[in-house]
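Listed next: structures, encoded as structure tokens.
Look at the two complexes coming up: subunit A is in both, with subunit B in one and subunit C in the other.
On to the complex of A and B.
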């Protein structure tokens, strides 16, 4: 009689190349892939390297970011992800709008040395793949010269109705410390402040597979921010706060400031140490003088902000062109009044041989915050004011293109390009506070490599 | 609602498909769910049998084999292409031993007759065997030489077990077993939460068990010379034919393999049989649990 022998592989989770190849081909079989497509954990270790460059028009900001991310299976049902990101921001961003000789606001960027900020972000996520559920917890921290943020989030999704429907619940919290990296050698800098802000986020989502080719997603997110929500670098020009109304005496403050910047006078004050001496002198307070002589007033926003963000997403797969069209509509309601509409289209087209091309379009329209204006005649009764362009009324149009190519089953390269154009008069449904002076454009280009083992 | 108190009672359904006795067993507290799942799963199995069986005339495989016979091309659907891609992966991973074009050897080997084919006949058929003579271009399959024949043995029955198991799972079955003539796919664990205990029969003494393999949502398949063979002058000739020599393989009596999917278990045990004495080393290198007799 033949002898029976048994060979047991103890580490079933470690897949050899041959088994991975067979798994990959088996999971492409339609009878197997239908169950595999939703929420099945990858058995591979995936390492991603990502680099992106963001450039604003008009010599404003550029951001260069690098990210390393690693994802891998743990035990039977867990998956862990860790990512580290470093981005470096340089250039200048708008600080205040001064009035010119005609009483029109003109934008001023940082007056001193241009900024160079480095931000480091570390994030870890642990996910648990249950039979009909996916749970995950994320911890993260972000550090800059003048900002730290510690955050966590949890989410739980369950599939039901024979995996045709899913419900997702999520909660996130962040604790941030905000201060300004005060440089006494730079004119118009505020003395150091230290403040905190908190954010709580609640999320509920519902997904429904309508048929083989169409899925629908609805999600509602509530964001509650509180604490110091102002920007310590931004100022507003308030006519009443200045020593006199420069328009009455035909003084072009904007022109004077532009002259001081362009002639190098401010750079001379900063570089020679005169600004530092003035700032450190107990007799003179430049912030006090600039507020009470020039009317340059600190950005001051409410200490609470509530946002309700609703999302409707429809995805449809077109078999004839092997492509999928994703349409998103997002409405964000805001207790600050900066509510917005976003309409976005993304079309993923599979070209075969591992190539995928995804053109996309996004349109965004925002109402101005109730305490926003390009400049103020007087401090409003509620006491809040900001001339931060991000709180203005405006519209923006983005064009995107993403190209990816898979090499075998193990290596994927992504290229991503985006052009963004912000215009005051793109705002839909009547124009609110804002001005073309804040119009700008940016481009981002990014490249990513993903390797699976 | 308390899931742990749900009474899971088994529902069995025995039927014959793909030339083998088959059983679907599902455990659920709701008989309607069980009936619905079993109906959908058996419909899937018969769909795949009708599409890919070599014994059915005018089915999809027959149309493809008519093109193979003529040495022309034929357009097929995505499922067919994905099975060909799977077969291609098996061919690559077995250094050409697992070759679905070896189906042409059926023209000279008839396991219902106790006759051996002649060397000349075998040599003749071998000229028309070789996966390298098949080219796939999007959904079109080109046969570069005539008199070819595809045979999805070691793939389709196992794929049907996987697909049936997935259909049961998508119809709210959390515990069950699909058994298509010994090709088994488990749905989840046993209702007691532990892995399924599968007794493996002795190849030469079918009444005896030779061991147990535990399954948790995994697949199991067996390849061996006890199922179909010819015995001439006391010599057993296995039904597993080598695409290189055209003769039945020697070496292993039977191999049982456990893998994440039944289709992988099925092709892995067939490849091990084709590799003869190197088969077990290959399975060990693949990293799968197996049970064998040599």
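On to the complex of A and C.
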């Protein structure tokens, strides 16, 4: 059969599209540039604008985030991406769990100060597109009132086996400074202590086209964190450290603090300057008193953490509905004993005329860290303790919906909504340390625009 | 990681593979049209995907594993 020029061009085009899909599947991972995620170098300049709002239940935290991203080709084989993100957090976060009159722990939020924090992130990525490979280097910095992070990563992907398979290697490193934004006018706050932490990540991923409708990815990641890994704001209630076992004398510490907050007494102490005078007085140390009278003890975690994560991701195309089901299973284990399972489904349905609807479900189950408890009778022999709700045993269920509309090839709009529900008893495989007092929900809504020209 | 956990992990991975109903064969160039369909790109909205993972990392203890190169945060 004679091979015409037209058929060669068509075959080459299909092959290029398939490579895009494979590379896209292998690289469709957060943290890399938009164009790299699509698996090929676009000749267009692409500008992305993103806004999202996060709201937590119980009048806790709200976060508003904005991002601007610019991606463009450079010379023959390079591509550059720059993004700037600002998120602003306000509200309150759990600090410590006090015991009530029945000896049950009760969550206690900020002690008169609500969080107001701004995070600015700047990232730049340079990518090189080889014949059968993609290499990227990323530099980034993140600044908050009480935290800075400088980081970089490199990754290299190659495709082989007639472009049916791909292999990705990645390495990332971050250097962080952490402290607490001390305000002497706020009760139970402590003077700032500057600390550092470091993180090294090693990542290897394998992508495979299984058949004409299915792709598969397997990724393994090792994360080594060291330094000050505690939270400078979190405290634990330790019965033995308090001057009395308040349960024996029927004193409801949680109720007393709740009354002091609700009646405005703590606000009065803070606003009148009395707290500031007490905090700055050389004769009195509120942190010492709070630990030795009330049993409020600093969060103290191991200075090293090793984490191993495996990710299995499968995508299958259904011709009858012009849709694709993306299934992820992720398992994480670490030296803190906080291992987790994550199962996620995302169903991308193409409706024609540029419309796409993507419902999604995510389930997460986490076992508690070995040094976590809602409160402690005594400081454990190993010396580590934390009552940070994020280290507890729990499960979480998310429902998501994304709708997108592409206008020609120049302009795309995305709307995204998620409801997340954390429940103590959603944990699978046996309940570990935790309590329903840490249950909460959040909702996020976001809108994004991508423009190409 | 205990031996039981590792076996569970492997069993789940094999179950997912077995239940997918897919069989491997060398897909030719002209058979790859479906793979290039836009719906096969899991996260066309990469900003959202990054933000999502950041949110989970702020509220859960075991985030990560999707890529390398994200900075830390003092998230509460």
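In this text, the second predicted complex is superposed on the first by the 414 of 453 C-alpha atoms of A that agree within 3 Å, B and C clash if a C-alpha of one lies under 4 Å from a C-alpha of the other, contacts with A are read in each partner's own complex, and residues count from 1 in each chain.
Convention: contacts are C-beta pairs under 8 Å (C-beta built on N, C-alpha and C of every residue); 3 or more make two chains touch, one makes a residue touch a chain.
These figures come from a predicted structure and were not determined experimentally.
Is A:254 in contact with subunit B, with subunit C, with both, or with neither (first, second, both, neither)?
Once the two structures are laid over each other on A, A:254 reaches no partner at all.
Between subunit B and subunit C, whom does A:352 touch in the aligned arrangement: first, second, both, or neither?
In the superposition, A:352 contacts subunit B only.
For A:385, decide between first (touching subunit B), second (touching subunit C), both and neither.
A:385 contacts neither subunit B nor subunit C.
Between subunit B (first) and subunit C (second), which does A:209 come into contact with in this model arrangement: first, second, both, or neither?
After superposing on A, A:209 lies in contact with subunit C but is clear of subunit B.
Going by the contact rule set out at the top, does A:48 touch subunit B (first), subunit C (second), both, or neither?
second
Using the touch definition from the top, say if A:96 reaches subunit B (first), subunit C (second), both or neither.
After superposing on A, A:96 lies clear of both subunit B and subunit C.
With both complexes superposed on chain A, which partner does A:187 reach: first (subunit B), second (subunit C), both or neither?
neither
May I ask you to name which of subunit B and subunit C touches more residues of subunit A?
More residues of subunit A are touched by C.
Can you give me the overlap between the subunit B contact set and the subunit C contact set on subunit A?
11, 14-15, 18, 21-22, 24-25, 28-32, 34, 162
In the complex of these two chains, what residues of subunit A are touching subunit C?
So the residues of subunit A touching subunit C come out as 11, 14-15, 17-18, 20-22, 24-25, 28-34, 37-38, 48, 50, 52, 54, 61, 65, 67, 69, 83, 89, 93, 115, 117, 119, 121, 138, 140-142, 144, 146-147, 149-153, 155, 162, 164, 170-172, 174, 176, 178, 197, 199, 201-203, 208-216, 219, 221, 223, 231, 233, 307-317, 319, 322-324, 326-327, 329-334, 336, 338-340, 346, 348-350, 356, 364, 366, 369, 390-391, 396, 402, 404, 412, 414, 416, 418, 420, 422, 442, 444, 446, 448, 450.
Spell out the residues on subunit B that touch subunit A in their complex, using ranges where they run on.
Against subunit A, subunit B makes touches at 44, 48, 78-79, 82-83, 85-86, 88-90, 92-93, 138, 159-160, 162-163, 166-167, 169-172, 174, 188, 202-205, 210-211, 253, 259-261, 263-264, 267-268, 280, 283-294.
Would you tell me which residues of subunit A are touching subunit B in their complex?
Per the stated touch rule, the residues are 1-9, 11-12, 14-16, 18-19, 21-32, 34-35, 131, 162-163, 352.
So in the complex, which bits of subunit C are touching subunit A?
Within the complex, subunit C touches subunit A at residues 1, 5, 9, 12-13, 16-17, 20, 22-27, 29-53, 55-56, 59-62, 64-76.
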